[in-house]
Amino acid sequence: MDHAAATTRTAGLRGPERLEAFSDGVFAIAITLLVLEIRVPSSEDLVSNQRLVSALGSLWPSYLGYVVSFVTIGIMWANHHNLFRLVASVSHGVVVANLLLLLGVGFVPFPTALLAGTLATPSQGVGVIFYSGTFVGIAFAFNLLWYQVRHGPEVLCSDADSRAIDAITRSYRLGPPGYLIALLGALISPALGVVLLIILAGLYLLPSSTGA
Amino acid sequence: MDHAAATTRTAGLRGPERLEAFSDGVFAIAITLLVLEIRVPSSEDLVSNQRLVSALGSLWPSYLGYVVSFVTIGIMWANHHNLFRLVASVSHGVVVANLLLLLGVGFVPFPTALLAGTLATPSQGVGVIFYSGTFVGIAFAFNLLWYQVRHGPEVLCSDADSRAIDAITRSYRLGPPGYLIALLGALISPALGVVLLIILAGLYLLPSSTGA
Amino acid sequence: MDHAAATTRTAGLRGPERLEAFSDGVFAIAITLLVLEIRVPSSEDLVSNQRLVSALGSLWPSYLGYVVSFVTIGIMWANHHNLFRLVASVSHGVVVANLLLLLGVGFVPFPTALLAGTLATPSQGVGVIFYSGTFVGIAFAFNLLWYQVRHGPEVLCSDADSRAIDAITRSYRLGPPGYLIALLGALISPALGVVLLIILAGLYLLPSSTGA
Amino acid sequence: MDHAAATTRTAGLRGPERLEAFSDGVFAIAITLLVLEIRVPSSEDLVSNQRLVSALGSLWPSYLGYVVSFVTIGIMWANHHNLFRLVASVSHGVVVANLLLLLGVGFVPFPTALLAGTLATPSQGVGVIFYSGTFVGIAFAFNLLWYQVRHGPEVLCSDADSRAIDAITRSYRLGPPGYLIALLGALISPALGVVLLIILAGLYLLPSSTGA
């Protein structure tokens, strides 16, 4: 490898490519681990087709948790992807804020399993609040990361479109209050909290929120 | 990083590279999690070599589920790869349809564990139907993604070979009825359903279906 | 994206890059799932430091299985990496043979857990034979993949070094008989089989076997 | 693919790109598997919101283990990333030392689960020592890898900044004694060991230690 190539390589890696690859890995693994919370019915439910159909039906909280968390992590990945489109080089603040965000994303399988396990039990209120609270925290981490990208030295692409920047700022600002409303809704009624969580996941599927 | 390089980077990332990397991750993790459904025999089966051989033999539904799901996910990955060869840029519709497809792919370990757990029990009919039904859904998601690629604005490569496009269209159209036939076969006899699922996995291994 | 760029992209993706990325994912996940077979001692062993030290000591088969399988998968990954250095484009035969290889690699956590669970029990003979047998199969899959690479149409790089080709051929030929000897050794004595497996893993760590 | 392109490809792959991608995968999977040690409370704790809140509170050792290990693996990944910035080509020694490092990183979910399971039990001393000891080993592996990078033939980029090299050398030298102090602290008092582990994770979050 000649000197010029080595220089290019060293310089190129100050870009966010490997940070994106690592983050992509965490998002992809967290989203795929979600399925492990859906448990095959125990052997006493396998004695007849009728029993198994009934047991599979009673797993609806697990399916619901799987779908809501899968869609939410998937859209968070798309947002992360869009954010890093605008990043030219990575500062220490970006590394730390991104790690905090991944700490939240990697945690999602636990509140998802908790939500699935508590729905249809007397403790479902706590399950919905814990789940919503996790996403309040993740939404704050997204805003912190975005703050680090916007205000870090030479982090932002010099030609980043100011409308794209404003769109992300607006979109991210809605995250914490959105999940806080779901949390407060769960204080009134767990079912209301769940409905609000489903609406939030659906809203994120609308075109404007991914920017793609 | 100079202005030209930053521009290239921003523009380049509108391509599907990171969406492919994320999808590759989900396919690779789902396929590798399959092994977790094969459980080591319990300690009472470890008291002699004879007992263990017998216990390992009785795990045949787990081996079967592992092989059929592994091959099917592997071929789905190859199809996904071939489809994205023809994608020049990613629309919102592609992101959402791809997420729906990954939702199905990431779910496969559950119906696989269910199939393995119910084969050789009285509830095997439901196990085979649930398994086939999951792949009917995934086959529809593949067609939806392909529709989004073909009809989204500027998604398809401008120089995409029309024979390659027609080959994918034909191949994908066979997915939903194929798995529906396996599902209907399972209604007649679970064993017939399983045979049809094995034949489908085998068919996908033929050269024409991967296009490679 | 202009026509030339789209053409380049389509052509570039006929190369093995995405197949390598997918395979890397499966290797990396299989190697990291190995740790899940090491179980935290149950609560009755947590009542005192002495009890826990003793319980952690009795997990030696799990540590052994973890280290041997980790090193073996790691070296298999390096071999896979070296093999694909010589691949210019991917044929259908390469895709299928590679999938068969990954089927074996993804299976490794199960025989590893079985080996760890049976060592120091009366059924350890079967555990060692099953483990060795898995690697006999993987070694055959490596040879099949290599055959597809060497004999497929335009698969091999036109400038591939014939000494590198011969080195891989020689190295791969040793795999099936090597693990078969470990399997036969286990028939005589499980301990002998384990020693042979450790020697094989150690041999692969020598410089010539990775070619790097 | 013409001859020139094939040459470039073969030559390019002697660089560390695929080794980095594989390592990134192991880091990302190990960090995301950490969440599996946090278990949903059993059904008897789901009978009321009060019971569940109490049960979730008693999981504090799991949350602590998750956060400390997540941050530590995340920073180790950043260090690995910075180290490989300086690598131009990969020697056999680098492959083996990197595999040893990954062996340690992939093992982290086990001592983390052990730490979480033993904190607040009489065996917590052993839990903290085992945890610290794992990181002593990983810190030694980092130094071995760095030694292989510095002293291997043509491994280091020819234009690597000598200050960057010295900074890594200094930073890595602090790893083994740092975790050894935490281990020795745990011999005096498990709580002291835990505090030292938290301080070490926090120190790594300071700007100078990632070099980014």
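As written, the chains take the letters A, B, C and D, and residue 1 is the first residue of each chain.
By definition in this document, a residue touches a chain if its C-beta (ideal position, glycine included) is under 8 Å from a C-beta of that chain, and two chains touch if they have at least 3 such contacts.
Model, not experiment: these values are computed from the prediction.
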Check your understanding: Which chains lie in contact with each of subunit A and subunit B?
Key -> none
Revision key, fill the gap. For the copies subunit A and subunit D, the interface residues, called same if over half of the numbers are used by both and different if under half, are different
Practice item. Averaging each chain's C-alpha atoms to get its centre, pick out the one most distant from subunit D. Key: B
Revision key, fill the gap. Cα superposition of subunit C onto its copy subunit D, rotation angle rounded to the nearest 5 degrees, comes out at 90
Exercise for review: Using mean C-alpha positions as chain centres, tell me how far subunit B is from subunit C in Å, no decimals.
Suggested key: 23
Practice item. Please compute the C-alpha centroid of subunit A, do the same for subunit C, then give the distance between them in whole Å. Key: 33
Check your understanding: Listing for subunit A: what residues touch at least two other chains?
Key -> 21, 25, 29, 33, 36
Study note, to complete from the structure: One finds touching chains in the pairs A-B, A-D, B-C, C-D
Point to revise | Complex contact set, residues of subunit A against subunit B | key: 15, 20-21, 24-25, 27-29, 31-36, 38, 40, 43, 45-49, 51-53, 56, 66-67, 70-71, 74-75, 77-78, 81, 84-86, 88-89, 157-160, 205, 207, 210, 212
Revision key, fill the gap. Subunit A partner, complex, touching residues on subunit B are 1, 3, 6-7, 9-10, 13-14, 18-19, 21-22, 25-26, 29-30, 33, 36, 90-92, 94-96, 99, 102-103, 106-110, 113-114, 117-118, 121-123, 125-127, 130
